Structure formats: C-alpha cells, structure tokens
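Please find the structures below.
Both of the next two complexes hold chain A, though its partner changes from chain B to chain C.
Right after this comes the complex of A and B.
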C-alpha cells in the first residue's frame, strides 16, 4: 500500500494533461465539458468507495476475529466516499451552470447524489456520537446496511421525474469513444488510486489512534485511577 | 415472537394512555405547524390546493418525528432489563414499531382534517384511497423512524441525531406520499407511487427486525 502513493501523482498529472490538452473540444459544449473527465472519475470512485463501505460493514458485522480492522476500513471508505461525492456534486454543479444555466436542478441523478451525501454524512455523525468502540462498530454497520438498501429506492423514486442528465452507458453501448474514453479511464484510475491511498492513510491513522487510546487506558489502570 | 411483541406493545400503549408523554407534545406541535402554515402561506398564494399534499406530509412527518424519536427513550431501565427476558429480540423492536405506527396514525388522523379546515382545502373525494395513501406513508415513516430511533437513542446526541439520519432516509417515502396524494386530487393514477411506498414499508419493517439483535448485543 505504501508505494501506491507514488503512483497517484503521475496518474493525476497524466490525467490532467489528457483531459485539458490532449482530447479535442466538443463543438456543442466547447471547453466547459472538459470538467467531465474529473466528474466521471470522482463519481465512479465515490460509488465504488460507498459500495466498499457496505461490503466492509457487512463483513465487520459477521466477522468473529477481525471486526476492529474491518470497521476501520469501513469508516475510511465512507469518509473517502463522502469526499468523492462532494467532489462529484461540486464539479457537476460548475458544469451545470455553464451547460444548463443553473447550478442546481432537481434531476434524478443530482437529487439522488445529494440524498446519498446526506445519508453518508449521517453515517459519520452517528460514528462520532458513540464513544464505545464495540457499539460504534455494530451501530454504524447496521446503519450502513440499511442506508445502502435505501439508495436504489431513492434513485427509483426520483427517476420517475424527467431526467436531463447525460448518460454514459446506454443499451446500445457507451456514448464516448476513442481519445475521450482513454482520458476517462486514465482519470478514473488516477482518482481510484488517490482514493485507495487516502483510505490506507485513514486506516493507519485510526489504528494508531486506537492503539494510543488503549495504551493510555492501560497506563491509567496501572496508576490506579 | 408476535405474542411477545403484542404484549410489549400493549405495555407501551397503557403507559402512553396514563402519561400521554408522546402523543400530547407531538399533537400540539402538529397543530402549531398547521397554524404556522397559515401565517406563512395564506395570503401569499391564492390557492393552497396545489401545495396542500406537500404541506400535509411535511406536517405529518415533522410531528410524528417527535413521538418516534422519543419512543426508544421511554423507560430506559426497563428496556435494559427486557434484554434478559427469554423472548426474541426482534419482538422488542416490533413492539416499538407497532407503537410508532399507532402514534403516527393518530397524529395523521388529527392533522389531516385540521390542515384541511385551516388551509381551506377540501380533502379528496375518494376516502378509501386517501386512507390507503395515509396508511402506507405513515407505516413507512414509523418503520424507518423505529430503525433510526433505535440507533440514535444509544448515542451521545440522542434525539438530536435523529433528523440527520431519518429525514434524508425517508425522502423516497415523502416523494411517494406527496405524489400519490397529489394524484388523488388530479384524478390521475397513483399506482406506481403506492407500490413504491409499499415496497419501502415492507423492506424497512423486515430488515431492521432482522438486524435488531445485533444492536442489543453491544
């Protein structure tokens, strides 16, 4: 994991070069559409991280021996997922201002993403409000499972309005090809590597913090408090 | 399991009948909301009918919210001792869920005609469909509220945390309930919204009942 960090920077630089200089303009959208490469990368990474949070929470709930470690990974992936969701919303809103004329519309994808943001902000709030580490693990895992089931229902409910969001995957295949596709893939991996890097960093931090707390508690006990 | 849940539910109902600690504040809050709507909207809009479904459901959600948020905080000591009883843990959750359904139903039954009278919007003609829509929306909110209430009751923030957890979570339910109620006025088909609410209700009654045991182990 330690060496992943060195991969993130060149991938980002390559991605930025490809997205901002290498790919040609689209006549209808001009230069503004170039933010789409960042947008798509962070959006896919956000979805992956939050799906990871679900899988890790389930594992943490069912595991017998490795709950604490799995819980740290679940927390880190939710944090990074929330960060990437924020980046998705921010980049999307900037583009929407130029292309649609408004920062915000109540389009199904925008609405679902916003609700998802609140749901996972709730996850971190819940974690913060529980002091006991065992209880925090179980409660946040149960919350994560329930919320993950809710997301498709949220999407279904808001999709029953008219959608104006561009779609990348359709039934007839992908709508982007050639150079654009290459830039998308490079940017996606750049973001994914960054996300994995951040997750491993947060897991290490949390592990150290918990170890420190344990030491401190031990020490207090020995001193007879 | 059902029998145990029923008796626990009955215990909470008789407690509520004696003390009225949940319904009374929540009901008063509901009426205050009705009054505030009057201040905020009448005069500004000539006809409230187009926004009445939204006002109605926000009123029901916000007032139920008070009762639902508190329901896991009633008798904390007894709840802890209850975990030692030889019953399925799911039954404890089911009993609270039934209580929350009842409380929310009562609130909706009071608030719907009150809002209709105060805002001057007649209720839709088809009473059966209105009751069905109210029922599905109320049960879903009570189920989701019980799940999130069980989670937030054991945290440092308690009920303060509940709005942040529950309200985004129930957004598909609110969309469904408002759209279905609007369809009652316009006479258009509300079928898919009713199905959506029914699915939400079913899933979030079943899933928390299955997961509740984990919550009681820590």
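Right after this comes the complex of A and C.
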C-alpha cells in the first residue's frame, strides 16, 4: 500500500490537468461543466467503497476466523464511502446551482444519494453505540447488508424514474466524447487509489487501537483492578 | 470575462476546493489519531517495562 500511495499524487495532477485544461469547454455550460470530472470521480469511488462494505460485511458474517480483520475493513470502507458521498453531494450541489439554478432539487438521483448518506451515517453511529465487539460486528454487518439495497438504486434511479440528472452510459451509447471519458477515467483512478490508501490507513489505525485496548485490559487484570 | 463566465469559474473553484478540504480534514483526523494511539502504546510499553524492572 505504501507504493500505491505515491501513485495517487501523479494521478491527481494528471486528472487536474486533463479536467481543467486539456478537455474543451461545453458551449451551454462553459467552464462550469468541469465540475463533472471531480464529481464523477468521487461518486463512482463512493459507490465502489460502499459495495466493498457490503462484500466485506457478508464475508465477516460467513467467515470463521477472520471476522475481526474483515470487520475493520468493512468499517473503513463505509467511512471512506461516506466521505466520498459527502464530496459527491457537495460538488453536485455546486454544479446544480450553475446548471439548474438551485442547489438542491428532489430529483431521484439526488434524493437516493441523500438517503444513502443518512443510511451509512447510521451505520457508523450504530457501531459507536455498541460496546461489545462481537455484537457490534454482527449487528453492523446485518445492517450493512440491508442498507446496501440503496446503492444500486442510486445508480439505477436515473434510468428507472424521470430525472434531470445527466447520464453518462445510456442504452444508445455514451453521452460524452472519448476525450472526456479519458479525463473521467484518470480522475476516477486518482480518487480510487486515494480511497484505497485512506481505507488502509484507517484499518491500520483500528488495529493499533485494538492492540492498545487489549494491552490495557491485560495490564489492569495483572494489576488486579 | 463576462459576469456569467466569472460565476462559472467561481463554482468550479468552490467544487474542487470543497472536495479537497473534505479529504484533507479526513486525512488530518486519521493521522492525528494514529499519532495519539502510537504515543499511548509507547507510554504503556514504558510503564510495563518500568513495572517489570521494579
């Protein structure tokens, strides 16, 4: 992971260059549509991180001996997913103000994304509320399996319902040029590498916290408290 | 540059800045917390070593 970390910076620099300078403007929205690149990068990464949370929670429930490690990864994925969802909502609201004239509309894509934010904030609150690590692991994994239903709904909402939110991949093909797609892909990989690094940092930190808790408990027991 | 063009640029700047600030705050929180845990663990090890010697 240490080596992957250093890949993030050149990818971000390349992504910024491509998105802000290399790709031409769109006539209707001028320079403002360039928000699209960072918005799409963080949005796709959020959906992937939360899908990772689902897979890791399922694995933690089914696993026999590695529940603690899988649970730590699931928690970190949810945290990074929530961070990326917050970034998606923030950049999306600013773009909406320019494109639609309002920061927020109750469009299906926006509404389902806001619901997703609250569901995963609830996941982290649930984890905070349970002291016993075994119960926390099982309850949060079951909760994660249930709330994941909203993640594919967020993706499909613009296809299922009438929406003013732009769509990149439609049945009749892509709605963006090859040049734009290249910039999108570079930005997506930049955010993905960063997300993986953040997940790895949080997992290491949680491992450290658990080691400290166990050592403290052992010491208290030894000293007869 | 027209007023509309300037407003477009401002919103691009705000959107990128918002994402960077969010990520920066998260990274800062994680690093500070890790440092604090490492310090606590080192202090605990020192205390245990001192107890072992006495």
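Some notes on this structure:
By definition in this document, the second predicted complex is superposed on the first by the 213 of 225 C-alpha atoms of A that agree within 3 Å, B and C clash if a C-alpha of one lies under 4 Å from a C-alpha of the other, contacts with A are read in each partner's own complex, and residues count from 1 in each chain.
Following the convention adopted for this analysis, a contact is a pair of C-beta atoms (placed from the backbone, for glycine too) under 8 Å apart; a residue touches a chain by one contact, two chains touch by 3 or more.
Quantities reported herein were computed from a predicted structural model and do not represent experimental measurements.
Shared-chain residue A:181: touches no atom of chain B or chain C. In the superposed model, A:205 makes contact with chain C only, not with chain B. Applying the stated contact rule after C-alpha superposition, one finds that A:131 touches chain B and leaves chain C untouched. Applying the stated contact rule after C-alpha superposition, one finds that A:61 touches chain B and leaves chain C untouched.
Applying the stated contact rule after C-alpha superposition, one finds that A:9 touches neither chain B nor chain C. Contact with chain C, but none with chain B, is seen for A:98 once the two complexes are overlaid on the shared chain. Contacts of A:154 after superposition on the shared chain: chain B is touched, whereas chain C is not. Legend: residue contacts after superposition of the two complexes on their common chain; A:90 is shown touching chain C, with no touch to chain B. Contact with chain B, but none with chain C, is seen for A:145 once the two complexes are overlaid on the shared chain.
Note for the complex: chain A touches chain B at residues 61, 115, 118-119, 121-122, 125-126, 129-132, 134-135, 137-139, 141-143, 145-147, 149-150, 153-154, 156-158, 160. Chain contact summary for the complex, chain A toward chain C: residues 16, 20, 29-32, 34-35, 38-39, 42, 83, 86-87, 90-91, 94-95, 97-98, 194, 198, 201-202, 204-205, 208-209, 211-212, 215-216, 219. Taken in their complex, chain C has these residues touching chain A: 4-5, 7-9, 11-12, 14-16, 18-19, 22-23, 26-27, 30-31, 33-34, 37-38, 40-41, 44, 47-48. For chain B in complex with chain A, the residues that touch the partner chain are 147, 151-152, 154-157, 161, 164-165, 168-169, 171-172, 175-176, 179, 192, 196, 199-200, 203-204, 207-208, 211, 214-215, 217-218.
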